[in-house]
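Every chain is named by a letter (A, B, C and D) in the order it is written, and numbering of its residues begins at 1.
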Amino acid sequence: MTLQTSETTNTLEDEGDAFRDECGVFGIYGRQDAAAVVTLGLHALQHRGQEAAGIVSYDGKQFFVERHIGLIGDTFTKQSVIDRLQGSRAIGHTRYSTTGGEGLRNVQPFFAEFAGGGFAVAHNGNITNAMTLQKQLQKRGAIFSSTSDTETILHLIAVSSGTQLVDKFIDAITQLEGAFSLVGLSEKKMIGARDPLGIRPLVLGDLDGAYILASETCALDIIGARFVRDIKPGEMVIVTDKGVESRFPFEKTKPRFCIFEYVYFARPDSIIEGRNVYEARKKIGTELAVESPVEADLVVPVPDSGVPAAIGFAQGSGIPFELGIIRNHYVGRTFIQPTAAIRHMGVKLKHNANKRMLEGKRVVLVDDSIVRGTTSQKIVQMVREAGAREVHMRIASPPTMSSCFYGVDTPEKAKLLASRMSIEEMADFIRVDSLAFLSIDGLYRAVNEPSRNNEQPQFCDACFTGDYPTQLTDHEGVDNVRTLSLLANNG
Amino acid sequence: MTLQTSETTNTLEDEGDAFRDECGVFGIYGRQDAAAVVTLGLHALQHRGQEAAGIVSYDGKQFFVERHIGLIGDTFTKQSVIDRLQGSRAIGHTRYSTTGGEGLRNVQPFFAEFAGGGFAVAHNGNITNAMTLQKQLQKRGAIFSSTSDTETILHLIAVSSGTQLVDKFIDAITQLEGAFSLVGLSEKKMIGARDPLGIRPLVLGDLDGAYILASETCALDIIGARFVRDIKPGEMVIVTDKGVESRFPFEKTKPRFCIFEYVYFARPDSIIEGRNVYEARKKIGTELAVESPVEADLVVPVPDSGVPAAIGFAQGSGIPFELGIIRNHYVGRTFIQPTAAIRHMGVKLKHNANKRMLEGKRVVLVDDSIVRGTTSQKIVQMVREAGAREVHMRIASPPTMSSCFYGVDTPEKAKLLASRMSIEEMADFIRVDSLAFLSIDGLYRAVNEPSRNNEQPQFCDACFTGDYPTQLTDHEGVDNVRTLSLLANNG
Amino acid sequence: MTLQTSETTNTLEDEGDAFRDECGVFGIYGRQDAAAVVTLGLHALQHRGQEAAGIVSYDGKQFFVERHIGLIGDTFTKQSVIDRLQGSRAIGHTRYSTTGGEGLRNVQPFFAEFAGGGFAVAHNGNITNAMTLQKQLQKRGAIFSSTSDTETILHLIAVSSGTQLVDKFIDAITQLEGAFSLVGLSEKKMIGARDPLGIRPLVLGDLDGAYILASETCALDIIGARFVRDIKPGEMVIVTDKGVESRFPFEKTKPRFCIFEYVYFARPDSIIEGRNVYEARKKIGTELAVESPVEADLVVPVPDSGVPAAIGFAQGSGIPFELGIIRNHYVGRTFIQPTAAIRHMGVKLKHNANKRMLEGKRVVLVDDSIVRGTTSQKIVQMVREAGAREVHMRIASPPTMSSCFYGVDTPEKAKLLASRMSIEEMADFIRVDSLAFLSIDGLYRAVNEPSRNNEQPQFCDACFTGDYPTQLTDHEGVDNVRTLSLLANNG
Amino acid sequence: MTLQTSETTNTLEDEGDAFRDECGVFGIYGRQDAAAVVTLGLHALQHRGQEAAGIVSYDGKQFFVERHIGLIGDTFTKQSVIDRLQGSRAIGHTRYSTTGGEGLRNVQPFFAEFAGGGFAVAHNGNITNAMTLQKQLQKRGAIFSSTSDTETILHLIAVSSGTQLVDKFIDAITQLEGAFSLVGLSEKKMIGARDPLGIRPLVLGDLDGAYILASETCALDIIGARFVRDIKPGEMVIVTDKGVESRFPFEKTKPRFCIFEYVYFARPDSIIEGRNVYEARKKIGTELAVESPVEADLVVPVPDSGVPAAIGFAQGSGIPFELGIIRNHYVGRTFIQPTAAIRHMGVKLKHNANKRMLEGKRVVLVDDSIVRGTTSQKIVQMVREAGAREVHMRIASPPTMSSCFYGVDTPEKAKLLASRMSIEEMADFIRVDSLAFLSIDGLYRAVNEPSRNNEQPQFCDACFTGDYPTQLTDHEGVDNVRTLSLLANNG
């Protein structure tokens, strides 16, 4: 039995054909107009989720909560909204989607008033034992007001036998499995925490003495804040008026950061775990040019995500980089095809081939990944219709063969093209003259590792290898579908 | 420390000068398009609260929830909204205000998924030990997602040691103090319950075999349903496919229905506890004419609430009934006076004197009650400016001297005119030639009682007498302000 | 060939069963915050049209225009809207409907920039040769941007050979046939004008030295302005800094004010042509009691329009006046019945019978008029189902047998019940024990005339008699349908 | 004296620092669901104006009009909107801004009902004698309902002495001065016309037999239509059921297409007058590399408009092309900085420097043009703060020294940086190590001309040279300001 809600998703035709960015978190402690600063930080993090956002602030006496569906620039820049978010401490969250949840009820940060005071939390990641914990909590009388796994964290804090908030918080997060980069706000503290594997990013910044926690460095740049350091995997930081205190409440393990952040999720100008994302992508392109060279006239990126790898491929191969496909600028916005007749026309809503560039040419198309393959099919067809003589597809990652359970919205395994076809069959399916993916070792080399350490892999690469670094407790029982839907909801 | 939220109230200048209607509840079990029927029922109950509404339906597999701020006719009549509320069982709630709560989070019905299944509840009344219970629940780890006392009921059910839902429900409601008429919906049952004193109304109806629970009979009339009977004070009814089962889980006490429902809250065409509200109001007017006669030319009601009593007064006194004050029709809708200059003009937004009727006349004004007295002042001044020679005010109830803690939004005691002035002072304050209130015994006679039984009063008349029929647990401690704000929130 | 537009009407089922109020106009000259005052004046005139409104103000340098669809209290009370309407002179218009026109394009006042300066005009009434004039104007190259006859007036001014605005305005209005009460605003003047027959009302008021033009006196009362006098039929007043100048540009005729304004359109507290509307309605009821007496237990008004006549009938007959039918308060707002199943339930959205009052009683129902008869049918059925022993219908006007072409939205003649049935057939159709209409002479007596002067009728009573006081130029040709639709658009 | 209106513009801080795209037009004749096809065409043309759009369709009997403010994908993809636009013929318009006009009143297409039937017109360009014509028309009695010069065209048609629509249309357009690419729709015909100089583009397409007129070929591509040919400068095409008829009503002159369309306005994938826009921009970059070489480590485009020229510069110079500046993806949408404190932080809302790429490097920045210089200042500062050792700015056009009067929104001359500073002073102002603009001959070479023919220039390059190819009638008198504001309104 499930609860159905009043909100529906705008499913763009192509939306199922990409790994969807997860969520972004941002918090600041000790800065006048804290909420306004959070607004800017979230704005810079919208590539990680742009469909809803929330901010919780605290002014020394009261917490203030705002949650809205829509782009930050549309919802949180109204004077009246910002004016209601009083105080010099605030945390915020931006998320991909409100699918499957009762609209605003699932928008973070979540807030609860405990016996000992108020607490708000925002989460990037996904808890893989959330359903199991939720059932246990329900059995002892807990009531859930959302379908988000983040609420589970609040309940674990609420029922903890610890006496201090920090103890309760540790008690709660040490029961979690999965991926989580958390930012919390209590009456006295801002808390940041990263799961022991450090699957999702979280960084510490400083703005004229005010501490900042953010998913990526680009959110520090937008406000001119200084990058202090990455929060370490398994680390918990407690920000108070006295400064930053660091703890390591988890058993020590070898970290495994999500390598797909470098391939696609993170912003190119961010620096994560010491690596610049743009450079990593360019190196991916160069590796690809080395691993799977091809004789051609042009290197053409699939906009916009394929651009850095295409530049790298062009530099590595000596083949000129050209904008052979042009984006229809405003299409990021939903565009519903109004009539059936129109839908059957097969219109080019997202991209257009730059015919003059492609006519008679041997083209290398560079894209970040292939998910279902339907988008690739359309793009290749468009490039061929524009007159390309040969089309060679080069993919800036290994084949994606498994679902992600760590805060990324992926189709189920069976819908992943690579899980049911060989590379040759895929080349046939998307109708290219040649198709090549980057090898897993090539990907590791692009992020400056000599190769994948198969004993102790340096990254989480489960979407490519099926090698999940945590238990998937919820996933092993019968609740399969619900778990998957949870994945879509959080992050 | 409290949580402040994103919604603000539209406070009309005059709004503080009335006892505000509480909430209305409606449920139906066993009728196709149940939610559409609930929509109509709530529409007929909007005099009990018109600022927000919610409906939960169940289709045998899933619960569906919709909550909206605004008039039913604006929010719940959209095809898409009704289409989402599948099923042949549904309950709904309409409420006065979203003040002080986080917007939609406080709109009922509330829904929770227990270990044993889903359950929704809608509430008219107010729990006077809700804060105390909430603190106890928080201490054992409960998280509240609203500031409504209705959520407390869900938590009590959740933590009950009972094994069946009905037992848990009984366990929960027997811990409550205060006023409550509840309608609940589980996967198998619709449940109705009234507190042992039966402070708020609740009736049972029948629509071609489908059972209905509603706050007033007027909600049965709108859909052509048959009135079966009042739910009895302290009664709990369980509606299933097999019919209606009745239980009496509370210790037996003498009922004390809210007498103010007859004075003002209920709709004139409703029949409550065997009495027609319109007839009661007319008799109030007749009693008033007998108790406080006056020589005059016209009886003029303050629209619209004073009309039935004025008809009764006119019939009792032989003085002609006339519409000496005309309502500005659309003013029920918020009208904010746009500039300071205009605000100082003292414009007549709500009413206008019908000058030709009033010029040179001795006028008896009949109104239902005096709260702060500011509205009466304005009305009297308007009638005098229209040329009335004498103005005599007759009030269709005793002086309101105490706050209500049973689901009615009243100003604090100190702001009630009658709590700080004698009748003579009040007459001076509102500048009338004479002022009279109905006596408490007169009021009891109007509802067919011989007089008030001061040992065992037949009704709750605490707003007139300060004689509260239940404990006011929350109210005795330090949390005074929060309690009062709770009152505004629930209903 | 016609232009279809993007707006559609919300046609309530019952809406076709009433004569629809026309428009209201209001202007003020010489008062700070003029537009805010106009907002209040229009608010008091919304019984004449409540679906859209507009205001034009002038600050000595610029004209400012705002037009909005919706209630004044929703649209024109926003600070930002009022702030944009600078200046100490402003005129406004409130209208019934935007049917058939391109939404805001048909909302008045209309504004045009002539070679000699800007001019705005607002109109209550209907021009019966507008189509003919429009075609002539189009032939010489005029372009119309609306389907409103008011724009025709602006074009006539624009092409006038007069040299001064006042001369051009006179040139324009003397070409018009039909009903018009106009308020205009130029850079130097506010102009008011009433057609030679004075079919629609227009009054002059004074607010601390600022002159006001308004459709009814109730719009003066709301702001505490002094009623100076009615603008005379055929009079044109020119308000400037020097005061009010009066002109009579039309050939003199005997006035014929719309008698239906007394029956239904005007507000009861207004005083029109020396008569108080409420008193007129009460006298209508008294006349009716004399003309068509009946033995009965109760006089029950059909809310709200039947109330004053029912009071008169009760006073005239000695039968008690009772609220036997209760209005569903919020139903003035559109309530769309959400599903077909519900629509077939025959729900009582607008009214409910007060059963206890009606059971076993002989009831006199008093209503203002019968249009199509469908509403009367429903009301009678409801009263019978409530247990009334006899139902006698008394109508506060003669049978409405002809369409209005003077600014009132009426069904075509064939749809008027009285045009195709005898009174006996009508009584059968609505299933009453007896039915009586007021006689035409009875109606004239109620407004203090000895009787109708059939040679020179004192009023326009065309809807009862078919005796139209002006030519119906557009109506005599082939453009029948378009003319009717024009009627619906203006006012 | 002017009319002020209810709409205000969202002025982004930077918006004044770009030449604003003009308008886009699109029409189709003879295709089911014509309006839906127009929606797609306009979607592809939104780089020419994205703030408002309108469509007029004709179904053989009626015209249907829809105009909305907002992105096509938000406003015109609603089923209900498209359903109202019946018929197999339709024209549409998308525009930059609604500034200075009464909101929707200025949104095109404009429609008028002439004595002979209905006619709609959409316009890209600007009429430089519109004010003069408007005054002449007002003197003979014309009333204007907008502040758009497009309405002037309709009035000229309306007052023409011609007997057939085509004659009237020719009569009208031969009185116009300035730039205009028009699409018109009558009951029998779709008409396209381009001014004698062909300043703005207009192309003819074919979709399975249905004729299309569109501003650019990219609007044909999106629906898979075939490009037939450019409409010739001074050509008028009349599309009927019999096909396309071509006329040349103007005196023959040498065409002068707007060269800035190649630099910035048109979409890179469009082919205009035989030249691919992307290729032209790349050649501009190559020419720039030849004319103004510099020793450097990276070529960095200012996103997004500088990308093709930067690719060309990189290929021409051998210096690597790198994404050294990253766009904040969603910033195309308005983002208002909520508090003063935040505004003073100097946040990087639009772009962020990719620090790792820029640190210690000698950077060539490539941008399309410099308008006020404020954006360039900010970008350079950001690049320097990121650690660039040297910053060399290369501009893909000559200095813009004069305003455009042909449908482009440009600041007044005095605000153009190049009109008041030497190149050296500009370099100082934006703080670069070197600054170079493309020469005017270099620009001509990039579009495949040997050089500018100063006797008979091949293009309109007035913004660079001040050499206006038409009279500027309105601009020579006193109405300077109004004329400029007109420019902003049309397009």
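Keep this in mind: contacts are C-beta pairs under 8 Å (C-beta built on N, C-alpha and C of every residue); 3 or more make two chains touch, one makes a residue touch a chain.
Source: prediction; values computed, not measured.
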Going by the touch criterion stated earlier, list every chain that contacts subunit A and also contacts subunit D. none
Distance in whole angstrom between the CA centres of subunit A and subunit C is 61
Express in whole angstrom the distance between the two chain centres, defined as the mean CA positions of subunit C and subunit D. 49
Rounded Å distance between subunit B and subunit C, as computed from the means of their C-alpha atoms: 37
Where in subunit A do residues touch two or more other chains at once? 81
Pairwise touch list, complete, is A-B, A-D, B-C, C-D
Inside the complex, what are the residues of subunit D that reach subunit A? 32-33, 36-37, 39-40, 43-44, 46-47, 50, 71-74, 76-79, 81-82, 218, 221-224, 267-269, 271, 276, 278-279, 307-308, 311, 315, 320-323, 326, 328-339, 341-342, 345-349, 352-357
Which bits of subunit A are touching subunit B when the two form their complex? 1-6, 61-67, 81, 84, 102, 104-105, 111-115, 117-118, 135, 138-145, 151, 154-155, 158-160, 187
